[in-house]
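What follows is a group of structures, each given as structure tokens.
Here chain A shows up in two complexes: once beside chain B, once beside chain C.
Take a look at the complex of A and B:
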């Protein structure tokens, strides 16, 4: 009795507080992120956010292709690696400056993904998933072949690449990286969000829902699938090129399964098909990986007199995979999607609250 | 050189077919694309190593090793069916979610091996002083160690057993029925959940058996990344032959086996790019025939 009264009071309160337009939420998030470097946070922490931004760009591009268009790609590392290697190649053999190599990498990534779209038109479902998984693995293996090692540097890759802002001192470079990646993340996610919610985006979703039916409606499926692949490839290679210049190296692990699986895991953490979900997922991923499991938990153990610095190296990914596994089974819509749904529920509840508690009382609980 | 390609190709082909059979079975019957198939492969090799060297079965002899193989294979089959029930069953029907869950499983197994065994490469094989490991026989002018012949015979025997199981027994009949039409099979009284658990167990068992036969005959050690190459192999063979087709996995296994050996012997510095061959063959075939060689949605031999 008393408990239910408190619950009602809380949800009435929460409905008023959380009733903020989404655009304002995004702005708030951005302002918060843009004042982070001014608080004097260490370079280690800034680098976490820089990495998260790059992964977020990459994962958003995956989400447009898979979450919105339904073309399952398990080999997105292909675009990532192509972006990185194109800019490294152009720098090494033609000496192009950084502001030319990145657009060139994006263009190459778009072109390759357009070409990859053609076989993707012929195969579907699990066939598509597994054939896309094969492409980056093939390229990663080819780097070991002696005739190619001379050009691409084999296992060591192409290094060193130029930095973004060589004229700045090192500490300020990281702040500059921070704002650069934040700006690019904002740009690319806004572009992709706009595409996903435009007329084209609706066509993408119709292909995801029912290919035959959308064909019957007179939609040129070929064109739209190729479009989805190309857009996804453009932003995927942007992320790869950024990563190569930030780490100053383009090496075969950029084509590895790790980079194919990272956007998938991150997108499922945040919520697939939402576009904003992968960004949240990428931040959760890096904060868990580089802060909570690397610094926070060892420090916590140290308080009680245990030292576990070395042993956590392998356990980290184990714990992380377990978390994702449980999340996917128990919470299939993802963290960000769950939160926004919750907020929308509260809004509905508030409307009903104003209309009269009697209706609200009988308002059926939505099962999650 | 041609004799070597013929013999080694046949041996590799039989083993690859066995490896791919598990992958194709679980897809054909339950519709699960199991990206953790390579992990069952790795688990099989490691469990064999553990049972053989732990001292539970006495000194390391051939008899003890055979017993260790049987125990390891049964253990992996058990793990496979439990994993199906706990982890894959809740997300069954959502293709992407199944893939994500199995990717997570593969990562978990990789990290578990790293935590328990470290980054070392334990030698996994028959006892070094037995005739299987150090006696050679000359066939067509090629020296073949006995363990390779055992591997070939074992793979063919297991494949044949599976064919008989599917064609003749009541379980096989249920499998064929479910792969043809799930709803109708359920109406006829097939308990699909239990059948899927059994199929996953068989699939894991085949992966573990193939793993032990391959690892003991080629002398490659363990290592936490042992699952990657077999996964690439099994899905390229299965896609080459057509997902869900048993005939296809047998033929695909031999095609890939021969293609690998040809590249290894014929291309300059070919040893470095053997890993590319299955994937490249798969891509080429898939561009010509989008459903693989024998691909329908599901197809089981009568």
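Take a look at the complex of A and C:
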């Protein structure tokens, strides 16, 4: 009885909310996100969102390459690390300011990814995945190598790097970081979204679906594959460079498997091939990792009189894996994709309703 | 000058000779059929012409230019398009985007304008083959008969001067065959200078369409002639139906 009441209330709410055009929804989210720091949220929480923004940029670049073009890369950490190290390098040896090192890092990342694109012309599918996975691991060991410590800084990396806004007090810096990363995320995702929905984007998907057929359509697939790699590398290294300056360090773990797999997990959470999916996924990932498992659950246990200190650290990964597993099983096409599919279904049903036959009975027509 | 001139074309796969010493030519505006039993080398011939395979010997001249050794996309851009025997749609894309992949992007026009012109062109092409209703449907939801027509729309979108159709009627029911025959006819009338080569097993549909038929057998050109000549040719009947019946 009560349940059905709620369901009906939700339905009518949904019917009204989903009338809002998507553009307006995006704007609404942007406004919401931009007032977050004004609510007096703690630095810890703001940092979560800053990290999520950086990961989102990184994952969006992965999604364009893999979700849209079908060139499977398990070694995206290469671009991340290259971005970070280029920034660090230019600062350490040439003393370049931050607003020059980041564009330089982006350019280097693009160049490296163009070079990495060449093996992709020869091998496909799982073989390409394995090859791309090898590159960052090799470079990680190279940068870790003791004889090269003078250049690459060895295990501890190159540090300290300059901060973005050294003239601001620390609390203000984090707010500034928040707006900076949000702005860059917005910029890069809009650019990638535009590319993905242009003629070039259509050609990318045609390569994902059937290379032979796109050749027969007169597509120079070599050119387009290299283009996809380059674009992906540009934004991947932007994320790496941001990360390096935010943490003020570029170290070998930037090339580790963790950073290769993070964009994959995030993209699958949000919905592969959607471009907006990875952004949603990145937020879910960091909120789960840094809030739910580090703060929320221990606090919950404390309510019942248990104190958890070390134990959760070990089980955290297990719980995290379980949650991700459930999310992926429940929504195999991703959380964001599921939502938009639902919205489209609703819209279609409403169209049918307006056209005539009452197929959709849940939302009766308004009396006019 | 012929539109397409094939001279002494040969291709071997290991010990198997798929295409052996083939000579023929196509003129502008000609519609030619190629028939032959399974394994006669018809599809290999198409792969050789469209650049997906490199021949071992011989030459292929298209509009007077040698096109051997060019990659497939360059051959397509020169004006030689093909379809595939097994349909190869882009599953993730809607039907209209499938066609848009193949459309050439016009140069010089403003960006928004050309996206619109491309959409209009793609919609026109789909209307020609009778797929307007399925325009926005993802290709993975479209049935086989419609995909066959989509293949032709995709090939037409590259604005070819010579169109190679590899079994366009394969797997279609008689009604669909009838419809497709009509749209191929219409397409031929719209662009009378375009040459068309059709490989087909459904002879009753093919013979209505073409003026000249080339018969392949074991990688070689057996004979060629008008549909009537071919239909009454003893050698062709022997190849298709097997040798004369022998008593034990």
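Keep this in mind: the second predicted complex is superposed on the first by the 333 of 368 C-alpha atoms of A that agree within 3 Å, B and C clash if a C-alpha of one lies under 4 Å from a C-alpha of the other, contacts with A are read in each partner's own complex, and residues count from 1 in each chain.
Criterion: a contact is a pair of C-beta atoms (placed from the backbone, for glycine too) under 8 Å apart; a residue touches a chain by one contact, two chains touch by 3 or more.
Note that the structure is predicted; figures quoted are calculated from it, not measured.
A.B. asks: Taking the superposition on A as described, I'd like to know which of chain B and chain C A:42 touches: first, second, both or neither.
C.D. replies: neither
A.B. asks: Check whether A:133 is in contact with chain B, with chain C, with both or with neither, and answer first, second, both or neither.
C.D. replies: Only chain B is touched by A:133; chain C is not.
A.B. asks: In the superposed arrangement, does A:272 touch chain B (first), chain C (second), both or neither?
C.D. replies: So A:272 only meets chain B here.
A.B. asks: On the A-aligned overlay, A:160 touches which partner chain: chain B = first, chain C = second, or both, or neither?
C.D. replies: Touch status of A:160: no partner.
A.B. asks: If you stack the two complexes on chain A, which partner ends up touching A:97: first (chain B), second (chain C), both, or neither?
C.D. replies: Neither: A:97 stays clear of chain B and chain C.
A.B. asks: Which partner, chain B or chain C, is in contact with more residues of chain A?
C.D. replies: It is B that touches the greater number of chain A residues.
A.B. asks: With both complexes superposed on chain A, which partner does A:257 reach: first (chain B), second (chain C), both or neither?
C.D. replies: first
A.B. asks: Kindly list the residues of chain A that each of chain B and chain C touches, one partner per complex.
C.D. replies: none
A.B. asks: Mind pulling up the chain A residues that touch chain B in the complex?
C.D. replies: Residues of chain A touching chain B: 66, 72, 74, 119, 122-127, 129-131, 133-135, 137-138, 141-142, 144-147, 257, 261, 264-265, 268, 272, 314-315, 317-318, 321-322, 324-325, 328-329, 332.
A.B. asks: Of all residues in chain C, which touch chain A in the complex?
C.D. replies: Of all residues in chain C, those touching chain A are 50, 52, 71-73, 76-77, 81-84, 88-93, 97-98, 100-102, 104-105, 115, 118, 154-155, 157-158.
A.B. asks: State the interface residues of chain A toward chain C in the complex, per the touch definition above.
C.D. replies: Going through chain A, the ones touching chain C are 198-199, 202-203, 205-206, 208-210, 212-221, 273.
A.B. asks: Can you name the residues of chain B that touch chain A in the complex?
C.D. replies: 27, 33, 87, 90-91, 94-97, 99-101, 103-105, 107-108, 110-112, 114-115, 228, 232, 235-236, 239, 243, 269, 272-273, 275-276, 279-280, 282-283, 286-287, 290-292
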